[in-house]
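Two complexes, one shared chain (chain A), two partners (chain B, chain C).
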Partner chain A sequence: MTAINQYIELFKATREAIDAHSAGALNALRPKALEALEGARMPVKGDEDYEVTDLEEVYAPDYGVNVNRIDLGVNPAEAFHCDVPNLSTCLYFLANDAFFAARNSDKNLPEGVIVKSLRRAAVENADIVEKYYGQIASLDCRPTALNTLLAQDGLLLYVPKGVVVEKPIQLVNILNSATPLMAVRRLLIVLEDDAQARMLVCDHTQNKQTDYLNTQVVEIFAGKRAVFDYYDIEDSSDSTHRVSNIYIRQQEASNLMVDGITLTNGFTRNNYVVDLDGDRTELHLLGMAMASGRRHVDNHTAVNHRHKYGTTSELFKYVLDDQAVGSFSGLIKVFPGADKTEAYQSNKNVCASPEARMYSKPQLIIDCDDVKCSHGSSIGQIDQNALFYMQSRGIPEHEARLMLMQAFMNDVIAGVRLESLKDRLRHLVETHILGGSSSCQDCAGACPTTKKD
Partner chain B sequence: MSNNENTKVVSDEQLIKDVTAGEYKYGFVTDIDTHVIPVGLNEDVVRYISEVKGEPEWLLEFRLKAYRHWLTLEMPRWAHLDIPEIDYQAISYYAAPKTKPAPKSMDEVDPELRKTFDKLGISLEEQMRLSGIAVDAVMDSVSVKTTYRDKLAELGVIFCSISEAVKDYPDLVKKYLGSVVSYRDNFFAALNSAVFSDGSFVYIPKGVRCPMELSTYFRINAAGTGQFERTLIVADDDAYVSYLEGCTAPMRDENQLHAAIVEIVVEDRAEVKYSTVQNWYPGDKDGKGGIYNFVTKRGLCRGDYSKLSWTQVETGSAITWKYPSCVLKGNNSVGEFYSVAVTNNRQQADTGTKMIHIGKNSRSTIVSKGISAGFSQNSYRGQVKIAKTATGCRNYTQCDSLLLSDTCGAHTFPYIDVQNDSSIVEHEATTSKINEDQLFYCNQRGIPTEDAVGLIVNGYAKEVMNKLPMEFAVEAQKLLQVSLENSVG
Partner chain C sequence: MLEIKNLHAAIDGKEILKGINLTVRPGEVHAIMGPNGSGKSTLSSVLTGHPAFTVTEGEVTFYGKNLLELSAEDRSHEGLFLSFQYPVEIPGVSMVNFMRAALNAKRKYYNQEPLSASDFLKLMREKRAIVQLDNKLASRSVNEGFSGGEKKRNEIFQMAVLEPRLSILDETDSGLDIDALRIVAEGVNKLKTENNATIVITHYQRLLDYIKPDIVHVLYKGRIVKTAGPELALELEERGYDWIKEEVDNAK
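Moving on, here comes the complex of A and B:
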């Protein structure tokens, strides 16, 4: 029996409950997802773009899915004591996959901006959800199809035409369960023409002994000239498996920054699929991973240039220690007619232990001649000469190492367009390298944009 | 934009069209008596080939095992190629020029065959007289003429056709055949192992530096026959050899299949340099006809401090599927891959290399230059793998693509897998079209656009061309010219 089958059976057995605790567009798409999954299996090691990652294995355990939306006793406020005055983000929670808004969450939102439970939105803002939900999340991707089959809730962010949301919107995902649990999370983000917003998503795990399968599908629609930053920080636990699929469609002259940061994790697979669907789009795709122990970090990106004057800059950096396994497979595809495309893809990695393993596959498919494209990949170690030089200048080895590591990660951090997040990331990288727990222990501090008085 | 500039742009485009539309110059059919067996492939055909060639039992067994394994395989579809269905039962698997006794001197060689070489400007006599290269000419499937063998024999160098080697040196062949490319390796390797017709066998004994470059010119000649060469090169400890392989093929309307295997074994401190100029018939402007070139080439650097260097200039074939690889098993062994691949009209190429690092401190360099024009598709696909035990390894990969039209494609698919912390792997790739500043600069200095493009393309490929032996470099440059240059450049 394939791993998918057990979820199909679960779906068939509990379909009424699933539908009853969800609504509208979410329910409408389930039959299609079921069709896509019937007879299929999850990608396994050796499949194209899954060279070292076996999702069949990841989905195989019998995880519980909270179809009846039972309150698992997760209290976001307890998890996250960051209801400090002068909170500088608009804060929301997804506990497992259920939506919670904090007190005052909406206080700083400009008029017309919607941030709410996707389930509620499917009823109250049916026009928006119906128009966008499931439009770019391809059901050919099995994890996406499974998410579509089971997703009951999540978050909708809608920014109307011309509205600029000053305060970053922060979404904190909390996993907490006493029994193995699969979270099925769905994010729908729509920015109309000329809208601007920034969003920070953090993954946290409580009850760290439990096994989690943390799945999410994110759809981002950026209208003409829209500007959007999306930061996705994973700081979970060794027993957390994360399968994330992020789909983005950018219209003319829109500008997007997507940054995926893996600090603490068990197993992570991130898919980024970007369609540049208009002229003069700009995309910054950044990624950073620090993995030790037996952790596994796999990032896959596919960027499709279909129109003229598109710019993509892609940079992924990994530091791998112990027996950690890293994988990066990136594809930039330039379609005929996408003249004047400029696309750069870079993947740089440091293997810091003899047993660490890195797999890299940066790819270009170019069907158009008036382009500038390049990609680069390197796998190596900390420069021994630099280390020696610094030691000879009286800097202790561990400090020198720290400085070099920080310097290595610096260009990913420097690309971040949120000042306070930059500082926070520098600090987290530092503690991580020093071997301390980099996790956001006191959550208040963890909100990178939170300033305590 | 002034009128003048307008005209210039139009003439540039026209120029590029003219050049890239250049017809294949070396298309002609040699009229020689050929002996062809009926089309189709089954165990009887395999047995027949083995019998005709008077092969020993173990080789027949090898062929049959390969054939049976081939039946279980499906044709690979992962490459970025659009391969039409190939009917393997519509191909004749053996064609040999009707045998006269082996010629003892040039006079005895069929005049038609000699004319063919003359047309290509690579006449045997000239080769023999001028460059001192030993030529093992393969006309379709059977070796017709081998030169300089006696001279080589003095040093103990064996350079003969595989069929002769099977008879004369069965132990060597048995020891090495299939040791680098197993018949289970892939679809085409299995097919070749079952029906391979002929090819070259080279053995360089311990401590011998082969005094001349060994060369084979392959030609596909008879219509409707596939050609399945098998080359086996063994360089024993401290030996050195430089081997050249060149291909031109006559113009055909029917697609022809070419599935060769090249196996190379390099022992301690030995060095092998393998150079290829490939110019099979690429099909006409509309993609009609042309050779399918599905080749498995692999070298095993078995010894410590061994070195294997692949250099290739690929201008021909309708479809190329070729990844000359190095398995760097010995400590401190070195693998190199230098490639220029030119595709034009409707040609497709999916080519690159594999560098498998197993030995400690092994090093590899990959330089790949792709040039695409017309409606062609040109892909680089390469793998660099560093095993856990292979500490202190170093790889540098550079692959550049040059695009000469807005309808062609250039793609890069590197696979990099590093399993330890003391190795350094770098990969760089760029894709761009011809730099307009450079064109402008040349124009300004009085160099016509046509010449300027030629200059730039040649300069672009220089890094690889420089790696070719002198004798080959000339022909390779000519080929670049024929394939693209005289009008683009």
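Moving on, here comes the complex of A and C:
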């Protein structure tokens, strides 16, 4: 029996409850997802782009899914409000996969902007959800299909034409359960033409003893000339498995920053699929991972240039310590007719210990003549000359190594377009590296969620 | 303060230093000259604890302590300083953080509290003035994008901050124009006291016009083959090293 089968059985046994506690477009897509999953298996080690990651294993345990939407006693919105002075945001929560808005979180939103429970939106804003839901999330990807089969809630962000949302929108995903749990989270983000917004998503695990399978599918639609920043920070636990699939469609002259940051994790697989669906698009795709212990971080990216004058700059950096395993596979594909494309992909890694392992596969496929593209990858150690130079000035070896690891991440942090987040990230990387401990209090989002711990 | 006895050192199994003897006392300025490949830079690397070199024989004491047993950072704390021939660029580590880490590590070694932010900045300002180092370099990454002259001035700036008891200047004159050379040398002279000492490693007499040595040594094939007063440097400038090489090679 494959890992998928147990969830198909779960679906068939509880379908009424699943539908009853969800709505509209979410329910409408389930049959298609089921079709895609019947007889299928999750990717296993050795499949294309799964060189070191075995999702069959990850999905194999019998995780509970909260199909009846039982209140697990986590209501972050009532307990907390975000009052951090230098990162003022409109704050929302998904506790496991149930939506909560913080008090007054909507009051700073411009008129017409919608941030709400996806389940509610499927009823109240059915036209939007029906138009976009599931349109770019590929059911050929099994984890995406499984998410589509089971997803009951999540978040809708909708920014109407020409509207600029000044305040960053912050979503805090909290995992908290006494028994092994699969969170099935779904985000739908739509920016109409000329709209602008920034979103910060933080994953936190509160009850760290429990095993979690933290799954998400994110669909981002950026209209013409839209500008959107999406920062996705994972600060979870050793026993958290995260499988994330982010799909992006960019229309003409839109400008996106997508930044995936893995600070603390157990097992992580992030997929980024970007379709550049118009001329003069601009994409910044950044990633950064710091892993120690026996942690596993795997990022996969696929960027498709189908139109003229598109630019992509992609940079992923890893620092791996102890027996940590990192993997990066990235593909930039330039289709015929995508003249004047400029696409750069880079993956740079440091293995700070002899037992850390990094696997890197940068790929570029160009079916067009008039382009500027490059790709590259490097795996190295801490620079011994720099280390000795610092020691000779009295900086102890341990501290010098940490400073160098932190310095290595500097250009990824420098790429962040949200100033307050940049400072917090620097601070966070520093405390994270120096202390090695994970603390939400030091988190980039700095929402006081840990008070509940 | 520094006592080197019969020091032998090797890199990758190849012996470079073949029995160095040298004594340095407080207040002295020593010059170590010699042709390329004679072991000058190796000596400075071994003294400061570069991990690539292995000491195969001999001993080095610094104020009575066995220097060779100390880590590179503890040698620094004990008051040893090397001005690198090729200062290392460290992208992503700002000069400010670098110096703060270095200074506070030393203070910790002597059980002192870390400097307050304002005292630290004041100290940086004072020390920068000694080598006329631009303030804007302080916010940049260590040595990154610095010109040759700025890198060397930055070395002397670090020396000023750390106040070593023994400084080794490894070809600090290389890559410097005449103005930068003067600024660097003046900086070194300003830091000179009767309690500290300097070893100047150089090919040329030029630097010694500015930093006057008390004793000049010639290093050749891993040994000190000649020791004399400052006049030796002038003679080398005039006659080159060939006559010394001949003397040594014929003596065998």
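Please note the rule applied: the second predicted complex is superposed on the first by the 426 of 453 C-alpha atoms of A that agree within 3 Å, B and C clash if a C-alpha of one lies under 4 Å from a C-alpha of the other, contacts with A are read in each partner's own complex, and residues count from 1 in each chain.
By our rule, a residue touches a chain if its C-beta (ideal position, glycine included) is under 8 Å from a C-beta of that chain, and two chains touch if they have at least 3 such contacts.
Note that the structure is predicted; figures quoted are calculated from it, not measured.
A.B. asks: In the overlaid three-chain picture, which partner chain does A:M403 touch, first (chain B) or second (chain C), both, or neither?
C.D. replies: In the superposed model, A:M403 contacts chain C only, not chain B.
A.B. asks: Scan A:D411 for contacts with chain B and chain C and give back first, second, both or neither.
C.D. replies: The answer is second: A:D411 touches chain C but not chain B.
A.B. asks: Can A:A20 be said to touch chain B (first), chain C (second), both, or neither?
C.D. replies: In the superposition, A:A20 touches no partner, neither chain B nor chain C.
A.B. asks: Between chain B (first) and chain C (second), which does A:F388 come into contact with in this model arrangement: first, second, both, or neither?
C.D. replies: Second partner only, chain C.
A.B. asks: Touch check for A:D367: first (chain B), second (chain C), both, or neither?
C.D. replies: The answer is first: A:D367 touches chain B but not chain C.
A.B. asks: Does the superposition put A:G376 against chain B (first), chain C (second), both, or neither?
C.D. replies: So A:G376 only meets chain B here.
A.B. asks: Looking at chain A, which partner touches more of its residues: chain C or chain B?
C.D. replies: Residues of chain A touched, chain B against chain C: more for B.
A.B. asks: Show me the residue ranges of chain B that touch chain A in the complex, using the header's touch definition.
C.D. replies: Chain B reaches chain A through residues 78, 80, 388, 391, 401, 403-433.
A.B. asks: Inside the complex, what are the residues of chain C that reach chain A?
C.D. replies: Going by the criterion above, the answer is residues 48-51, 71-73, 75-77, 81-82, 84, 87-93, 97-98, 101-103, 105-106, 109, 141-142, 158, 162.
A.B. asks: Looking at the complex, which residues from chain A come into contact with chain C?
C.D. replies: Residue positions touching the partner: 383-386, 388-397, 399-400, 403-404, 406-411.
A.B. asks: Flag every residue of chain A that touches chain B in the complex, lowest number first.
C.D. replies: Counting only chain A, the residues touching chain B are 48, 51-52, 336, 339, 349, 351-381.
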